[in-house]
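Below you'll find the structure, written out as structure tokens, and then a few comments.
By letter and in written order, the chains are A, B, C and D; residue numbering begins at 1 in each of them.
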Amino acid sequence: MTYSSKEIMVLAAARQIKNKDIVFCGTGISMLAAVAAKHIYAPDCMIFFETGAIDSKLEKLPLAVSDSRVMYGAQVFCSLIDSFCFMQNRKTGSNIVGIIGAAQIDPFGNLNSTMIGNYQDTKARFPGSGGACDVASFVDTNIIFMKLEKRKFVKILDYMTSPGWLTGFDSRQKQGLMTRGPSAVVTDMGIMGFEKESKHMVLKEVYPGIDPETIQENVGFKIDISKATQTLPPNSRELKILREKTDPERLILTKGDI
Amino acid sequence: MISIETNQKAMCLEQAVQTYVKPGDHLSIGGFTVSRNPMAAVHEIIRQRITNLHLYAHSNGQGLDELVGSGAVSKIEIAYSGNGRFAPTCICFKRQIIENKILVEDYTNFQMALRFLAGSMGVPYLPTTTSLGTDIINKWGFDNKLRENDTKIAAKKLIVMDNPFSRNKIPDKIVLVPAINPDVTLIHTQKADTKGTTRIQGLTFSDVEQAKASKTVIVTCDELVEAGSLNTNPGANQLPSFCVDAVVHVPFGAYPTACFGCYDYDAPFLDSYRDMAATQEQFQQYLNDYILGTKDHSQFIQKACGERLEAIKANPETGYSDQIKRK
Amino acid sequence: MTYSSKEIMVLAAARQIKNKDIVFCGTGISMLAAVAAKHIYAPDCMIFFETGAIDSKLEKLPLAVSDSRVMYGAQVFCSLIDSFCFMQNRKTGSNIVGIIGAAQIDPFGNLNSTMIGNYQDTKARFPGSGGACDVASFVDTNIIFMKLEKRKFVKILDYMTSPGWLTGFDSRQKQGLMTRGPSAVVTDMGIMGFEKESKHMVLKEVYPGIDPETIQENVGFKIDISKATQTLPPNSRELKILREKTDPERLILTKGDI
Amino acid sequence: MISIETNQKAMCLEQAVQTYVKPGDHLSIGGFTVSRNPMAAVHEIIRQRITNLHLYAHSNGQGLDELVGSGAVSKIEIAYSGNGRFAPTCICFKRQIIENKILVEDYTNFQMALRFLAGSMGVPYLPTTTSLGTDIINKWGFDNKLRENDTKIAAKKLIVMDNPFSRNKIPDKIVLVPAINPDVTLIHTQKADTKGTTRIQGLTFSDVEQAKASKTVIVTCDELVEAGSLNTNPGANQLPSFCVDAVVHVPFGAYPTACFGCYDYDAPFLDSYRDMAATQEQFQQYLNDYILGTKDHSQFIQKACGERLEAIKANPETGYSDQIKRK
């Protein structure tokens, strides 16, 4: 069965979600991945949004985290503050998995979703942190979505919106952040992880038909591609549910940014 | 038992904006990206050509973008400026920053929510641990001189300090984010009574904290009900009447954004807005045609939505519409 | 018409409430005064409780601030935190009038509702601050209810639960409190105020038939009784509403502490 | 789509208390003076003779007093201990302090609420300006040694510091109150579903913050409904299922305190309790007869309330009872 790079990307992220997880996601493709996870792999996982909708029913795909479609049939309406408190509190914090995107990423998984240029002299502007910096600060398991492009995988960020592993090694803890940095970067060609000690980005998996060298060519800094394994291709059940149940209107699968 | 003060709160939008929004004010607007932006009130501010506003928003979309595009805003403090799939980054907002026409101070979602909460609590700041090590802390949009000159702006963007209760340094560092106390806050809601009791259905976003932090509050509502009639279910109400200065009945007052249970966002309009706002010239044309060229919100809706109005009305069971084309 | 000292005391406090006021009150006689104010003098005042019931209907007299009778027909249910935030915020704070009681009061209107003895060696114990310290810290207009007894009006408190004018003059501001100290102490014999500069307690009003000297005899420190005027006796309308509408079951008027 | 974990949450009270409440735990109980004290759970703790508890309560009445009277509590942090007109100061509480049998740390209402909120937010403290200049700040019930030895207790009662955002010293001083993170929190509510979704009707007091701050949570409820059936009105629910560890169906679980909309406080019983608790000997007799001598909450209610049970049931319109004699 053929599939698009967007489809395998969504499924690759969705496969990482377990039934016990409480999934926090942003708009667009990260939301699609969360909903796909619930439909395909982890029916008991709960999805929640920074807007305070907890365990949303999601019969229709929302186009924003404030979409009325996150509200219908939810378990609880909380405040914005509550949403982030669930990440920090002793009971629920460790079960929360974040899925976020960004405009730029650096070798340690730090993210920019704010701007390009000098902060006093902006060349390009993105929406700003929203909840990205908060989820990157608070949760132990954070999955990042990025389209693989050299201008996105950069050595030095123009603006660090969300903390990854900062400058690697134990720099994150030294700054006072109490949780782990990102666990995976899911792209349209493969999946990156972070080296255990140095916390530098490494290639973990390549999608079927993709050459690891091609991945390196699209990354603006050197990464270890030597230990990458191949991602299982999507099977027909995964694709069928994704296409027919998760995004039957093809609102995200064929439109919208990664 | 109806007091004089009670009756003075229900008024028309023109009067509410004229009375409570002044040039140079620190203005806060409610809603979140594609939902419950106080659009009618925003348009009225544009029509009254009130300028030099210092804008606070949490994660606002359409309302923020039109205010900014119209030139009403000089400075803005915000967590997120986007309109869901329709405009991942708000269009006029993006342009005006690049052209150096507005000054921006970036915070995170949680920080902005805490800042409004701090304002509503009467404390100068609230503590958190988000953003340690990032440029949210290191890079400031407003310099010290600006902060000194406008005492309504917080003395500092934020402060990082050691945790005074620390045991084994867990946590070690704390980020203090300063309170926001707007001069005026605009929110749009499904229901309010003529005394000002306000009921938001669905998610409240940071509307409640924004309103409680504010010196004055204008509530526009899709349905205006008799004083006291919301008291049959106090648990569903968020703002007591004493927090509200003006209540304005504006059907579809959040249009083109959604109002849970009442109507959906107008996806085709938001798609076309992306083009209409693509350049400052095009946006000026949009303003002339749609806002300045219409007398009030009902005329604006006629022009912008027309016959689609039936399609955006919400299914009473789900709170959204299955009729509106979203692709 | 004859009346009890409790009745004139309740009415004397209730008379101070205006229509624009947002009245915060505790349990017992302070609640009775607030409800009487709404029934007799200020129908548009709103009564709220630390438990978060705002603008309660109060068809029946509650026996505690958590009584279900404060909930029925209220305008809004808030959180405990919200209740105190209304006192501190820029818009509502200045309209709030507090009515609280205590076990001991000193010459500057500081209150003890915690304990008698040494804090490490308690001789008698009261419920603790509850919201009393908070309202005394946050509001500009605070009315105190006290039965006039020498053991209650003391030179030095065993424990200062709630701040009054502290040690007088500008000591309250110097400590960082941003609002005014108490405005009146309503007792069963007369009403005390505080001298403008020194903030020392003075006698403002005596109830009909009470000798100012008797008041001095029941106060454990010297107060200026020279400028006291006489309180207007309750008229029949006031008493009728108090007895027939406010506390027809005589739950507080004939029972319970002041 | 019902998971195994889901089904494990609904259990009997005996099992819930046995599983989640251990000697020496830091325990927090919900409710406020005469309302929604988690009485059934409190009685079960007494029956299981769990002792040396460190108790957090906000402004608790009957639940606190019986726990303290039974000897289950060694230390307590609290804003208010009273039972409305029935016991202006809780009776066993008063006696045990005077007899030096429990250690008390006094805070204000707002401070206790902030402390639970801080715990739920994962921050070490929250700032306020209440209590400046008072003995709430100056006198500490727990000395430094005790605080050093039990790391679950805050390192300091509170800290007064300068306002780092100060302009013109307004405000000048800030009081920082430390977070509370109980080991276990007990709350009683009108409704919960078998997954743990919890709905409190009427005022929530500090139950929600207490539960969210806690490592484990036991919810007792008057009505236990099918998983997901409360999702038709998410705005009326306070706790998501992932905050709750055990859900126990206990009709009249707050008795003899009130549960808005379900039943009123039992005024005659609370009046007689004042006498039954008047001395430690009398209280021991009460315990033997009413708590240790009954097998469960339904037997307790039979003994304590008997035929009055009909009279305390709430009028569905007002939420309280007009039948119960309150004088």
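Here is the rule we go by: a contact is a pair of C-beta atoms (placed from the backbone, for glycine too) under 8 Å apart; a residue touches a chain by one contact, two chains touch by 3 or more.
Since we're looking at a predicted model, the values are computed, not measured.
Chemist: More C-beta pairs touching across which pair, B-C or A-B?
Modeler: If we tally the contacting C-beta pairs, A-B comes out ahead.
Chemist: Report the inter-centroid distance (CA atoms only) between subunit B and subunit C in whole Å.
Modeler: Result: the chain centres lie 40 Å from each other.
Chemist: Just the number, please: Cα centre separation of subunit B and subunit D in whole Å.
Modeler: Using C-alpha averages as centres, the distance is 38 Å.
Chemist: Can you work out the whole-Å distance between the CA centroids of subunit A and subunit C?
Modeler: Averaging C-alpha atoms per chain gives centres 56 Å apart.
Chemist: Between subunit A and subunit B, what is the separation of their C-alpha centroids in Å?
Modeler: A distance of 27 Å separates the two centres.
Chemist: Give me the residues of subunit C that touch two or more other chains.
Modeler: 53, 71, 73, 77, 81, 88, 138
Chemist: Could you list which residues of subunit B touch at least two other chains?
Modeler: Expected reply: 121-123, 129, 171, 202, 235.
Chemist: Just say which it is for the chain contacts: an open line, a closed ring, a star, complete, or other.
Modeler: other
Chemist: Which chains are in touch, pair by pair?
Modeler: Every pair of chains in contact is listed here: A-B, A-D, B-C, B-D, C-D.
Chemist: With touch defined as at the start, can you tell me which subunit D residues reach subunit B in the complex?
Modeler: Answer in residue numbers: 121-129, 151, 154-156, 159, 161, 163-167, 171, 174, 176, 178-179, 201-202, 235-236.
Chemist: Going by the contact rule at the top, pick out the subunit A residues touching subunit D in the complex.
Modeler: 19-20, 22, 43-44, 46, 48, 53-55, 57, 71, 73-78, 81-82, 85-93, 95, 138
Chemist: For subunit B, which residues are in contact with subunit A within the complex?
Modeler: The contact residues of subunit B facing subunit A are 31-36, 58-59, 61, 78-86, 88-90, 93-94, 97-98, 100, 106-111, 113-114, 117, 129-136, 138-139, 141, 170-173, 202-206, 208-209, 258, 260-261, 264-265, 267, 314, 318-320, 322, 326-327.
Chemist: Which residues, counting only subunit D, touch subunit A once they are in their complex?
Modeler: It comes out as residues 1, 3, 5-6, 119-123, 181, 197, 212-217, 228, 230-232, 234-235, 237-243.
Chemist: Give every residue of subunit C touching subunit D within the complex, in rising order.
Modeler: 27-28, 50-53, 59-60, 63-73, 77, 79-81, 84, 88, 110, 114-115, 119, 121-134, 137-138, 159-163, 166, 171-172, 175-178, 249-252, 255-257
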